[in-house]
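Okay, so chain A shows up in both of these, paired with chain B first and chain C after.
Let's turn to the complex of A and B:
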């Protein structure tokens, strides 16, 4: 009796954390069949590339839990990137102040999204489609056709330091992932979010303030996206108004869906989201090493998210 | 305790819910732009506007049908890029051009059918299914074309996009034909009726013994067809295929449908109004171009416009629902 019970538990654990096992499989196949994949340099490279996608995936997860979506994250990245450049180079503010202001810009963008979704009750995809256009237009206006290269070292140290010879950005990502895990699984706010995603009507009757919670998720997502933008801007050492864009949003959504987050909301698994982001970066690494057509990456990502969506939809048919 | 529910008058009632008045507003705005901007009313400029509008209006037929059924089609930009890329790559491989064109349109239809399958049979939400399939199409376009533009259409082909007969560009004639066909299909045939039924009251379709799934698949297939036609037309206008050529047109297409009165909540909207919305959007972009505004600024205004119109639409629907509930409460009290 107890043997059968433990077998069921193992199976459930695997099923619930499937993306982590997929990641392990991907890494194993890579190490076995793809030359240079298993090298320390390559792993370091993947980690360096994954920090921003992990954080953006977690930001997207916040929004997906409540059954919404944010198609404007890539354009928030653009706006924050060029604002960052202006603040650092033209206004010459101190790095700490620049980071704070950039996070505030991200929060403001998220707040606009949140307001339009909660107060006006417009479907989130059309809201974020519209605000995305507005933000990219704003970024271009603000930039006045200039990009800012060669950011000062004092500012770049924020993301360029390498404690224990690992990029500091991955530590940021792990810390943020841990904080988000705590919030989502151990706090009242997190429980309310998951309840809202599973059954909005019941949650409202139970007294959860849906509008306030959804608004806060959009603000948090905007803030995290702004953080991503700072990391990305420092990594490419160029503040430009077309950093990010629609590819960024698509990668974030893909990573979240591959990581098991359902688009209908309610289910979330933070380690799996991190695994989802790492999986897509592994795929990118494969394509780079094997010298395949780089544009295959987007097509493969699309097929991967399609497969994950179909699996998710079939699983949720009963809902 | 009797609830005193008064029926508040809708302050927007003169503008809302009446497509005819909405088109009058669009025409008024166009006239205003004509008065304020020099060169706007020149015949060549107006034909230019209509030529741009054709690329917006033709996919809008499919998007209107999708929005009526409470869905949306975000894959138009992907098909607008993928269909002509297939055509030109096959043409360079030596296949006769007519066959290439046929295959290009077929890829659009297949993409649309894939969308429909995902939405109807698998149960994926329309916006994410079409968003993902659109991105896959875009990715495949870049793979086939190696990320850049591809040129090399046969000589007569660019005449379709740029040439005219009796002073009217071929693009406009094609747009007229497509819009007429779409409007007749949606408004006058029983299939069109069933599409409206799908958006308003799906159970009626089942009671009739039909399958709403097959209808949805067909709707998105038609959308893919029109997106492919628009893509081929755009490439003939530009005489080149670029992977991101459809991006701005996709947003304009959705804006055109919303401007034309198609509700995001489903159930209403006509092809002709969406086409007029497309002309309005093209005219607006043309006017802003003539004023010297950068396309990104135009996107800013367009995004604000989309949000405004949808917000007004949603608010009006909510007000209508509350009035209806109030009416029902009064009826229950008596």
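Let's turn to the complex of A and C:
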């Protein structure tokens, strides 16, 4: 650790943005040693699969920056997915309206989380564990044991279009990442969130409205997660109450931590989080190409998060 | 002839990583440069110096918290280099810190025995013994505390008492006290000094860091002065003079008593009517005029901090009204107060006054974010401008705005905290122990700043346990006892230490 926050040397820039450099290394290793990894088709595939993980990771950063955690995001995905199916196929609403309503459902779920965490002061870990269970139950109830396949093309176009021969979803991810980058790194709101994560008591006395800010982060996270769900539902072309699930939030947190986010709060780097999500997808691609056991992938993911957590702990020893 | 039990020679320490104690790479900046210090058996050796002189650092080396980089340290004739404070404690060196190191969420007895709990056959803690013995140890100092109380519920002064009695319980031969009287009242200080005399007679040596020259004269056998990380000189008690000490510390002579220049205005800016700070307290009234400095004094536990925080909106009241600029101020909150122009400087900068993990810039602008960047986006240039201005105005000694606050000295940290308050351009400033743990020179800098600001119309409510400070700065002083205001002194003749102390204890 240095006495100053940042020096403008190349070494510091590299250290602070390490995950991006790791991503480059992973891609290079893949290109050199793994057959077909470097092909255009494979890269396109990775990009197609990365959009939702990137957005879900970025959604999670809003929660992590204040020192909270959201374990319910996977179940928000479930609820939004099945609701989406009902709205599109049974109610036959227009795609625009469906998307808007789904985002509202996500906001509502986030609002419930936010309310319980701020007003009732229950730790977010427990709150989101509970609401997650409620949401998955709700999703199953709403589905009445049916899933919806073959979604209409008008609706699917939202995530299936391919401008410049690239999947449109990756553009969504980039735009969202950029907006969140501006908010978290350049705005007053982002600065307040960072302060809350580092020292909530001092921030309160300094005049920051903790309840309002944390509430807003949960709503934003719910909304972005709903957006993710729409993209995922369209990709698998099936609206179902099982989409997302328990792994979803875990992967989002893993990507964020690999991207250098501290679980204690107060430290988030959006570009690095994007890199973190991409690293995970790269590794998944390796596993797929080499036809290795999927459980090996899970184990590697587990090791990756442990390594990232140890690195995080070493960095934060001063705090 | 007394034995020399501790000797440090040519000690040098480079700036270091606060978590490992090892020097930071890429810099040759020294915190301690060729420092000398020694200690005889049964003596009180006082250590004086400005902010950042290196006193706390030297003591941390003796106390085993950080290692020295060059030089030698000899304890009882053997050369030592401690790796942690436990080692130092085992060799008879105990440390009572300026910034208290206790756990606020567990009770007194558990703090007392932290990492040192007496255990029985099954390895379980002997709790009854813990409560009893810790209570005895505290009683031996002349204080009475319920050792079942959660530490966080005690005031800073009471927590300090726990820390001192804990240090004394280790059969230490050397006790380092870093600003021990910062939060103690006159009576408590006298008790501490008589205790120190007892310890001296028992052959225990004390290294006493303080900025209070009157105390040092009272209690010290020898006085050593440090400045900018260097050893300046040592005086025996017989040769000691305040002037010479201050001269050595700062290189210039300063007056000891502050005399305010500002004159308060006529209109009332802040007013409390029938305000109750707690369910079981009496309602209180007070007023603060434009450009006035109003002091608030009282014993520890009288409710001064609670009153300040209730007005600020950080805690709810139990009845009554607060009026600001002729209008009723309801539904108070820190954010709303700042918007209106009221800001509060916290008593404990390490806990809630500053974000110690962040840098100077972030801390300085933290309360003024909405004012400086009304569009909601941070303008780096504007931030740098403002930070530069504040660093210069408050004479904050740091590398630049990017320095992490935890690496600054206590006094400079306090200046950052104060700068943060002024950044919002307040009309009312509520200060809670603004010069706690700060040396003479910086104190006067701060008094002067407040005086100038009052001249320009700033109203100040200042809580302090240092009578001289309060008398020097204030136009009027309110006295608090038992959660309410019991008196007010406004005539210059009545503002004497004796008079105030009498009112404080209710004589």
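Definition applied: the second predicted complex is superposed on the first by the 311 of 319 C-alpha atoms of A that agree within 3 Å, B and C clash if a C-alpha of one lies under 4 Å from a C-alpha of the other, contacts with A are read in each partner's own complex, and residues count from 1 in each chain.
Here, a contact is a pair of C-beta atoms (placed from the backbone, for glycine too) under 8 Å apart; a residue touches a chain by one contact, two chains touch by 3 or more.
Computed from a predicted structure; not experimentally measured.
Here chain B and chain C are compared by how many residues of chain A each touches, and B touches more. Of the two partner chains, neither chain B nor chain C is touched by A:96.
In the superposition on chain A, A:137 makes contact with chain B only, while chain C stays out of contact range. Look at A:154: by the touch rule set out above, it reaches neither chain B nor chain C.
By the touch criterion defined above, A:203 reaches chain C but does not reach chain B. When the shared chain is aligned, no partner comes close enough to touch A:35: not chain B, not chain C. Note: residues 317 of chain A belong to the chain B contact set and to the chain C contact set alike, using the contact criterion stated above.
Per the touch definition, chain B reaches chain A in the complex via residues 72, 118, 122-125, 127-129, 131-133, 135-136, 138-140, 142-143, 146-147, 247, 251, 254, 264, 294, 296-304, 306-307, 310-311, 314-315, 318.
Residues of chain A that touch chain B in their complex: 69, 71, 116, 120-123, 125-127, 129-134, 136-141, 246, 250, 253, 263-264, 293-303, 305-306, 309-310, 313-314, 316-317.
Of all residues in chain A, only 1-6, 182, 186-189, 191-192, 194-195, 198-199, 201-209, 266, 317-319 touch chain C in the complex they form. Taken together, the chain C residues at the contact with chain A in this complex read 15, 17-20, 24, 26-27, 314, 333-335, 337-339, 343-344, 346, 351-359, 362, 366-367, 369-370, 373, 376-378, 399-400, 402-404, 406-407, 420, 424.
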